[in-house]
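Paired with chain B in one complex and with chain C in the other, chain A is shared by the two complexes that follow.
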Partner chain A sequence: MNRKSADIVVIGGGVVGCATAFELARLGCKNVVLVERNTIASGSTGRCGAGVRQQFGTELNCVLAREAVRIFEHMDEYLDYEPGVEFRQSGYLMLAYSDQQWEQFQRNVELERSLDIDVKMLTPEGAREIVPFLDLEGMVGATFCQTDGHANPFHTAFAYAQAAKRLGAEILTHTSVMDIEVENNKIQAVVTDKGRIATSAVVNCAGAYSAKIAKMAGIDLPVWGERHQILITEPVEAMMGPMVISFHHDFYCQQTPHGSFIMGIGMPGEPKSFNIRSSVDFLEGMANTVMKILPPLGNLRVVRQWAGLYDMSPDAQPILGECPPIEGFYNANGFSGHGFMVSPIVGQAMAELIILGKSSVDISKLDAGRFERGELVFEPAVVG
Partner chain B sequence: MRLKEHPILDFPAGREVVFTFDGKELRGIEGEPIAAALHASGVRVLRHSPVSGRARGFFCAIGNCSSCLMTVDGMPNVRVCTEPLKEGMVVETQKGHGHLPID
Partner chain C sequence: MTDRPKRHDDDVIVCRCEDVTLGEIRRLISEGYHTIDEIKRISRAGMGQCQGRTCRHLIARELARALGVPQEEVEMPMFRPPTRPVLLSTIARGEGDE
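Up next, the complex of A and B:
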């Protein structure tokens, strides 16, 4: 390793780390180093469901997602990325299966509309106009936002990483963080298996492993890994526009631009772990559910399945910002299954916070201190 | 082209059946792979690559390679190299990745 020092070390080469490194460099920080123990997008980013939605139940999540979508909309130009990140605004169709859920959806829509997010409320028949083969049994209503959609997580992370490099950031893959040196509550250095990097600031974007990184700096961070599984089918011609999602069944399903269907479902009782092995009961549960709600998909063959980790936090919300008492230790983790979709705005907000001392989108409520203060931010609309 | 004699394989006489390929009536032996019946009738192009558009023919013959995916009786992505031929089958060249029936 040639470099012996950095202004800021970003830990984690997922989409959040790459976006943060890019935005730091864009704000003029010339000495950014990103450290990734494997390869770019090799962890949760490359394993995620690729959805981008703005339909949330808290103002903060709606605003973060809305701003992220605005960046996604012109990301190929913003990052000068020729292959494209494959952002498609084919919408999110959210299905409600009880009156209580429908009431929550209506409250969400009211909030979303007040924040300039255009969401339609639909009857089950109206939902069927969007997805003609949707099974309506038990469905009470649905909401639809056309500007939601999906993007390619690999391309998005690569786009940020390449753009960061062009602005002078250094990206060290296959480099593991072994320790973080702290003196008088100030960051001194990040020690990797390839050498020591003297620095006064660290951004912890290590996903499910963020608690391990925080521990190195003497911080107890309430973030843990939780396995979530996904399968992908053979491709067919485009037949389903939006991401279809149901909290009742705890499942989501989308057709990628390639034509494959990607789908995931929450498995009850999934323990805290770093386990990313696939299981056959997921395959069975997933198939049973999707065949009930989207019956024609029963004729598709499953091509493969995989698992990844949600980086869970106690209120299923991201942990963003500096982490007292350690000066220079910043968190951008705990995304709890909706990290990819907000990564563009999180990168911007983190960089603004670190370089300018204040972010244009107010993320102060998402600091790690909220757990001690008892100010948890519960989001009613999470899946998987 | 159809082999009738082979040093180590036997070809038991089967029932001749009629099927269609892109609307054209063809004949084959019941139970043989659809691809074999097509090959015997001179059909060499089974699909076109959805990416490059180039012709794809009979290749691995064991259901692994995706070269022979066709739409059979309305169902896309059927591996005709392993799917047995039945009387009256409707075999069609697939457009792109094939259309999944939704009814």
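Up next, the complex of A and C:
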């Protein structure tokens, strides 16, 4: 390793780390080093469903997602990325299966509309106009937002990484962070298996491994890994536009531009772990549920199943910002299954916070201190 | 995109499921994608019906040549289940294996 010092070290080469490194460089930070122990997008980013939705139950999540969508909409030009990140706004169709859930959805829509997010409320029959083969049994209503969608997670991460490099950031792959040196509550250096990088600031974007990184700086961070599984089918002709999502079944399913269907379902009782093995009971649960809600998909063949980790936090919300008492230690983790969709705005907000001392979207409520203060921000709408 | 002199076998299809050519693999290697996993993620080579049964070896060979290492040293991606494509309806009936 020839570089021995950096203004800022970003730990983790998932989409959040790559976006943060790029935005830091864009704000003029000349000496950004990103350290990734494997390859870019080898963690949760490369394993995720890559859905992007603005339909949430808290104002902050709606605003973060809305701002992220605005960046996704012109990301290919913004990052000058020729292959394209394949952002498609084919909408999210969210299904409600009880009166209580429907009331919550209606409250969400009211909130979303007040924030300039255009969401429609639909009867079950109205939902069927969007997905003609939807089974309506037990469904009470649905909401639909056309500007929600999905992107290619590999290309998004690669696009940020390449753009960051062009602006002078250094990206070290196959390099593991082993320790963080702290003196008088100030960051001194990041120690990797390839050498020591002197620095006064660290951004912890290590996903499910973020608590391990925090521990290196002497910080107890309440973030843990939780396995979530997903599968993909053979590609077929375009037959379903939106992502279909049901909290009742803890299920989501979507057809990619490539034609494959990608789908996931939550497994009750999944323990805290770093386990990313696939299981047979997931396949069975998934197959049964999808055939109930979207019957014709039973005719599709599964070509691949895999698993990844959600980086969970106690209130299923991200942890963003500086982490007292350690000066220069910043967190951008705890995304709890919705980190891909907000990564563009998280990168911007983190860079603004670090370089300018203040971000344009107010993320102060998402600091790590909220757990001690008892100011958790529960999101009623999480899935998978 | 990097300019790379065209080679006679650049048009050879390496991954038949996803239609990826040797030339494309070589271009990605020259752009710095130096593992089979990265090449798979960016080009889709090995993501199709056959799950890379043939192309992973061809890509490994190309990587070994380009990086000047023995082919055994190129890290192979994990095979992800199921081993053969299987109908969702078959799984739902609990028959697991076709």
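Please note the rule applied: the second predicted complex is superposed on the first by the 384 of 384 C-alpha atoms of A that agree within 3 Å, B and C clash if a C-alpha of one lies under 4 Å from a C-alpha of the other, contacts with A are read in each partner's own complex, and residues count from 1 in each chain.
Just so it is clear, contacts are C-beta pairs under 8 Å (C-beta built on N, C-alpha and C of every residue); 3 or more make two chains touch, one makes a residue touch a chain.
All figures in this text were calculated on a predicted structure; none of them were measured in a lab.
In this superposed model built on chain A, chain B and chain C occupy separate space and fit side by side. In the overlay built on the shared chain, the residue A:N299 is in contact with chain B and with chain C. For chain A, the partner touching the most residues, choosing from chain B and chain C, is C. In the overlay built on the shared chain, the residue A:Y310 is in contact with neither chain B nor chain C. In the superposition on chain A, contact is made by A:V290 with chain C only, not with chain B.
Contacts of A:M239 after superposition on the shared chain: chain B is touched, whereas chain C is not. Contacts of A:S42 after superposition on the shared chain: chain C is touched, whereas chain B is not. Touch criterion not met for A:W224: it reaches neither chain B nor chain C. Annotation: superposed on chain A, chain B and chain C show a minimal Cα-Cα gap of 6 Å. Counting contacts as defined above, chain A residues 234, 297, 299-301 meet chain B in one complex and chain C in the other. Against chain A, in their complex, chain C makes its touches with residues 1, 35, 37-38, 41-42, 44, 47-49, 51, 80-82, 85-89, 91-92, 94, 96. Chain A meets chain C in the complex at residues 39-42, 46, 82-83, 154-155, 158, 233-234, 258, 278, 280, 283-284, 286-288, 290-291, 297-306.
Those residues of chain A that touch chain B in the complex are listed here as 132-133, 234-237, 239, 259, 296-297, 299-301.
Taken together, the chain B residues at the contact with chain A in this complex read 50, 75-77, 95-103.
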